[in-house]
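Below are two complexes that have subunit A in common, paired first with subunit B and then with subunit C.
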Partner chain A sequence: MVRFVARRVLFSVVVLVAASAVIFVLTRLVPGSPALILLGPEAKAEQVQDLERRLGLDRPLAVQYARWISDVVLHGDFGRSYISGLPITSEILRTLPITVEIVLLAFVFCLVVAVPLGIVSALYEDGLIDHVARIVAIAGVSVPGFWLGLMLIVCGAVHLGWFPPGGYTPLSMGLGAHLQSLVLPAFSLGIYYTAIISRMTRSSLVEVLRQDYIRTARALGLSRTRIVAYALKNALIPVVSVAAMSVGYMFGWAIIIEQVFNIAGLSRSLLSALFQRDYYMVQAVVLVITIVFVGANLAAEILYRALNPRVRGTA
Partner chain B sequence: MDTKHDRHAGIDAHLGRRSFLRTAGVGASAAAAAPFLQAWTVEGAERVLTIAVPNNPATFDPMNAANHDAMVVSQTIFENLIEVDHDGNLQPQLAVALPKVSSDQKTYTFDLRDDVQFQDGQKFTAEDVKYSFEYVLDPKNKAFRRTLFDKIWRITVESPTRVRFDLSEPYGPWLYYMTKYMGIFPKGSREKHGDQYFKASPAGVGTGPGTFVEWRQNDYIALKRSPNYWRKGLPQWDRLVVRVIPEDSVRVAYLMTGQVDIISAPPPKDFVRLRSVPNVKGESKPTMGGWFFLGTNVKKAPFDDQNARKAVSHAIDRAMLAKNVFYDLVDPAAIPAPPRGWWFSKQANDLNDFDLEKAKAHLARSKYPNGFEFEMMIPSQPYLLDVKDAAVAIQAQLAKLNIRPQIRILEQSVLLDQMRLGNHVSALQVWMSPGEPLYMIDLIYGKDKGLSKASGYENPEVWRLIRDVYGAKDQPALKPIFAKMLGILATESPHIWMGFVHASNLWREPVKGFKVNQGLTMRVKDVGKA
Partner chain C sequence: MLRVLAGNRLGLVGTVVIGVVVIVALLAPVLATHDPEEVNLAGKLQAPNREHLMGTDQSGRDVFSRVLWGTRVSLMVGVLAVVLGLLGGVTIGTIAGYYGGSLLEQVLVRSMDALSSIPLLIWAIAVVGIIGVAPIRLGPLEFPNETKVILLTGVLYIPAIARVTHAVVLVESASDYVRARRAQGASDLEIMGGEILRNCISPLTVQATLFVAIGIIVEASLSFIGLGVQPPKPSWGTMLADARGYVFSGEWWLPVFPGLAISVTVIGFNLLGDGLRDLLDPRKATTQQMV
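Right after this comes the complex of A and B.
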């Protein structure tokens, strides 16, 4: 297992390095020199060249990449924003925890609702609750997140007044206020994967419950609770993998949720940087999101390996 | 008879249901308890005024600010000798009165207030005025607005409270540009703090009512009351929070729930309805400088053909756009002058206004008698006004003549760069200016000005008339010059003008003293809450 984890971690590092190179090159391929963006379109050619020299933009691409990645890895320095001139690292450190918190809350909501819902659907297959769960799942995957978010704001904030219409209230302003500000965004973000995971749990459990060893267990007189517990152990293996991956995907979806709910998180920084052509910021945030995604993928693989006895012990 | 297993199965199923219901019950109780938990805004004894703008600022440096909504921050931190009030009139600010102007209109002398301090406690003097203007005028400082003041060739400090400006030629409009495009900062502050300080955290370097506290990007900017502010009793807030909320509906939701006190740029389709909501007030005021236009490039086909431009201009029903697309928050105009402006010329307007028969006639005389296609760029994110619906409406109107605009959506800064470089064919835009009659005309149609390539138009007669405007002393002298200039522009139609936007705001009942600014940027120094 240790060797497996080490191999996976090494592979993830290789993936990250490759991804960082792709991100860097793609950013440089965007038309227009960053120096021209800083100086404005009426800058003279000599001014642009002079700034390019000072910023190291006239060096070969490989040299620029090496300098950038070494700054990131060794000093945690992602450079400065074109627009604000502020260090990107401090922006990321400020905004990343906000997005992480929303994603984790959405993930917890997802698991707390989806897994029990899926289990109950499987246990009462084709019953009323199964049909209701199916409808909820279809709605969850069909309804656009931004629309749902706006509707929640109208109902939950404007009409009912139970939640703020948006924004992020820090913990320093009170736990209640803090959680209130996260409920609607987390719900909007988590509903899609709640639907996916509940259906996956259901179908996986139904399949396992039909296995011969479950029939044998029933024949042996084991209690239903114990049977379901045994079945869940096997049924949840693929669910755990998908759930772990969903964390990475939620980071991507958070861009819409943060925009709708006006939350100054990492994903919204990316959107704002894209609109303002703040390439260094785009580069840095995409890299951070890639790290999160690769990390989630790694966690899924390790969990799968740990839970699945059929692959445990194999190379 | 139930077997033990059946009983167990029944009990287990019952327990499963019970667990599920328990969980659901806990969740429902939590949701029900939510309103009784601590409120999400905390406002103690501090008087906090919260406003919402739709766009992120790129800078707080007054000499580089471009976003008219976000200018509320720089205009609360910095001041100038003269300001433009809500109705577009010049008022003294750091000067005790409007300047004395020499008979040749090339010398402006200001007497300054003696009771002004910067937010860091330094006394304001004429040296600071000289320093600030010279900093903006120095080309190596790359002030975005330098060219607006480049007729100033000498600034002389005559005493700590008197400063004289000598201009190379008559140029009255520069007084109108002080509020939006410049500010006074302490002598030596640029060298001491650096430009990045002014851009991102200009604390203590203005004379305005608000001192910079913090800027959380994509979230808010916070200012605090300056204890040194020279207008006693102002501001009526201790803390000003400027929230950045790009989504129209979310901005409105913030207002409806009391999370913000005033919002700018309310969605036109909801404006009338929202004004009638209890505890909400709203007002709109025509701006004199909010241009809504189709910026055509006369150096590129098809708009290198004057008849093609005229055909498009005559084919657009501006009144319909203003009423049905913008809900009367745009004043239709077919010339670069607002209908409510004293320099508006109905005769010139009629030369360009909606008339399908004239449109057909011009099209027939053009190089494209059977119609043509052209690229029309629009911004992906609204700035001042969302033009997407108008673009579609214009497509429908032009289709009657088989003129087919192909809409291309670009990010606004990219689109602006294309226009500045003259790489565009056409772009549907909303641009804001201080409301002075000549600013935009000179900037776009003047000789070698900052946005001359945005039209590619070169007409020495128009350049001569622009110089004549600067030399004229009063409205009776200016009116015929403008009439002639607008007549030429209407005849040749380098751009297709649609109208002038309104500045509109919504605010909650406790807010007092707020007035909509015809210059669009919210003014909050004398705003308070009951």
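Right after this comes the complex of A and C.
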């Protein structure tokens, strides 16, 4: 197990180094030096060269990358945005918690709905609830979250007035108002994963309930609740791992959902940086989201290994 | 196969929906009541009426005609991305499986692992954002921004397709049949192209159908944030982006119709994919793909 964890951690680090190098090189390959963007099209060649020297842009790419990545790893310092001149790390520390909060709310909503729904669907296989759940799940993976968000704004905010039509109300304005501003975004974000996890819980539990040891337990006269509890212990192993992965995926979609609800989370940082060609900011945000995603995948693998006695011992 | 599908009600519904969507895409020029790009500022923001079945948008363009034309680019992106994913994934999966146990297999499997542990949606957003949304020019040919969306979405599919292919090929290349063919002196290429790939068709059909659904959502989402299909070309995602500005003023038809078009089309592919999985893939080799 220790060897397994060590190997996967090492693999994740390699992936992150490769990903950070690719995004770094990509932002440098685009025509138009940051110095030129900063100084404007009328700048003289000497001015551009001078600024490039001060920003360290005249160094070889590998040197620039090494400096950037060592600052990030050693000091958590992503450098300064050359558009606003402000430290990127503090911008990310301001917007990241908003995105994290939406993702976590969506995740909690997703688990609270999906797991019980999946269990009931499995216990009453091909019953009414199972059929309804199947249709809802197909709708859930098909209706795009960002459109659902738009429609929820039209119905829940504009017509009914139950929720604010967008924007983010900070916790300092009161817990109620704060949560109210997050309900619709979290719902729009979580519905896809709710659909996937509920069907996954169902199929996994159905499969376990067909195993011999469950039949034996039944023959021994164990109560239904006890049998289901034993079955769940095994059936939920793959569900836990998929749930962990879904956190990573949700971070990606949160960018789109925040845009619908006009929330200034990481998406604002990324999209405005892209449109302003603030590439230091772009590479920082992409790297942060990639770290979260790789971390979620790593957690999924380790949890699966740790929970599953059949593969726990193997390297 | 159609007869078997008929036994599977949801799969049948999916087939019919996709059939209708494909016909609409092909006949868009005939079915559309207006030019989808024709601006008429005097008649802007009309509610649905007899002249404009789904109303008009902020520039007075006919929403119905734009929704019909939008079918084309959505289907094109969805299908071409899957074709690309299949080309890459099947090639990599077959090579890895056929040379099972070799260093080459290790390298290919690891790189697929690495690729699938990258959040490709964000990377697609960043890459398109960095290189810009201008068309790509290759000599006399000009490829619109959708091409980048197709390429990046195709890459997103490769690991899953390679994994399915790899698993099937590993089993098949150890089979007596393949060993017999090898003993007869058949070449590697002959064996791979023949018996082995034939066994991948079932799981891959299921996977490909479900991937078309995902591709359509990814394209619409990228277009929604301005990094997919570029205006004035009609697409569902950009129509929703325009509608974003009118959700407060009561022009409900602007967000409703393009969104319904996306949802119905994607439901069609998901229903067919689910139906096909029940039929073709009883061992559930297809993975549940999340995006």
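The rule we apply is simple: the second predicted complex is superposed on the first by the 309 of 315 C-alpha atoms of A that agree within 3 Å, B and C clash if a C-alpha of one lies under 4 Å from a C-alpha of the other, contacts with A are read in each partner's own complex, and residues count from 1 in each chain.
Operating definition for what follows: contacts are C-beta pairs under 8 Å (C-beta built on N, C-alpha and C of every residue); 3 or more make two chains touch, one makes a residue touch a chain.
The shown structure was predicted, so the numbers you read here are calculated from the model rather than taken from an experiment.
With subunit A as the common reference, subunit B cannot sit beside subunit C without a clash. Contact with subunit C, but none with subunit B, is seen for A:M151 once the two complexes are overlaid on the shared chain.
When the two complexes are overlaid on their common chain A, residue A:A19 makes contact with subunit C while staying clear of subunit B. Contacts of A:T225 after superposition: subunit B is touched, whereas subunit C is not reached. Of the two partner chains placed by the overlay, subunit B and subunit C both lie in contact with A:Q259.
Looking at the shared chain after the overlay, A:M200 reaches subunit C, while subunit B stays out of its contact range.
Of the two partner chains, subunit B and subunit C are each touched by A:P165.
When the shared chain is aligned, no partner comes close enough to touch A:Y280: not subunit B, not subunit C. Judged by the touch definition given at the top, the superposed model places A:F187 against neither subunit B nor subunit C.
Common to the subunit B and subunit C interfaces on subunit A are residues 150, 153-154, 158, 165, 259-260, 274-275. Across the interface of their complex, subunit A is touched by residues 10, 110, 113-114, 117-123, 125-127, 129-132, 213, 217, 220-221, 224-225, 240, 243-244, 247-248, 250, 252, 255-256, 258-259, 262-263, 266-267, 270-271, 274, 288, 290-291 of subunit C.
Contacts from subunit A toward subunit C in the complex involve residues 11-12, 14-15, 18-19, 23, 26-27, 30, 138-139, 141-144, 146-147, 150-151, 153-154, 158, 165, 193, 196, 199-200, 242, 245-246, 248-249, 251-253, 255-256, 259-260, 270-271, 274-275, 279, 282, 286, 289-290, 293-294, 297. Listing the residues of subunit A that touch subunit B in their complex gives 39-42, 83-86, 91, 94-95, 112, 116, 119-120, 123, 150, 153-154, 157-158, 161-169, 173-177, 179-181, 183, 221, 223-225, 228, 259-262, 264, 268-269, 272, 274-277.
In the complex of the two chains, the subunit B residues touching subunit A come out as 5, 8-9, 12-13, 15-17, 19-20, 23, 31, 34-35, 37-42, 56, 58, 142, 144, 196, 199-200, 215-219, 243-247, 249-250, 253-254, 256-257, 259, 380-381, 411-414, 417, 420-421, 450.
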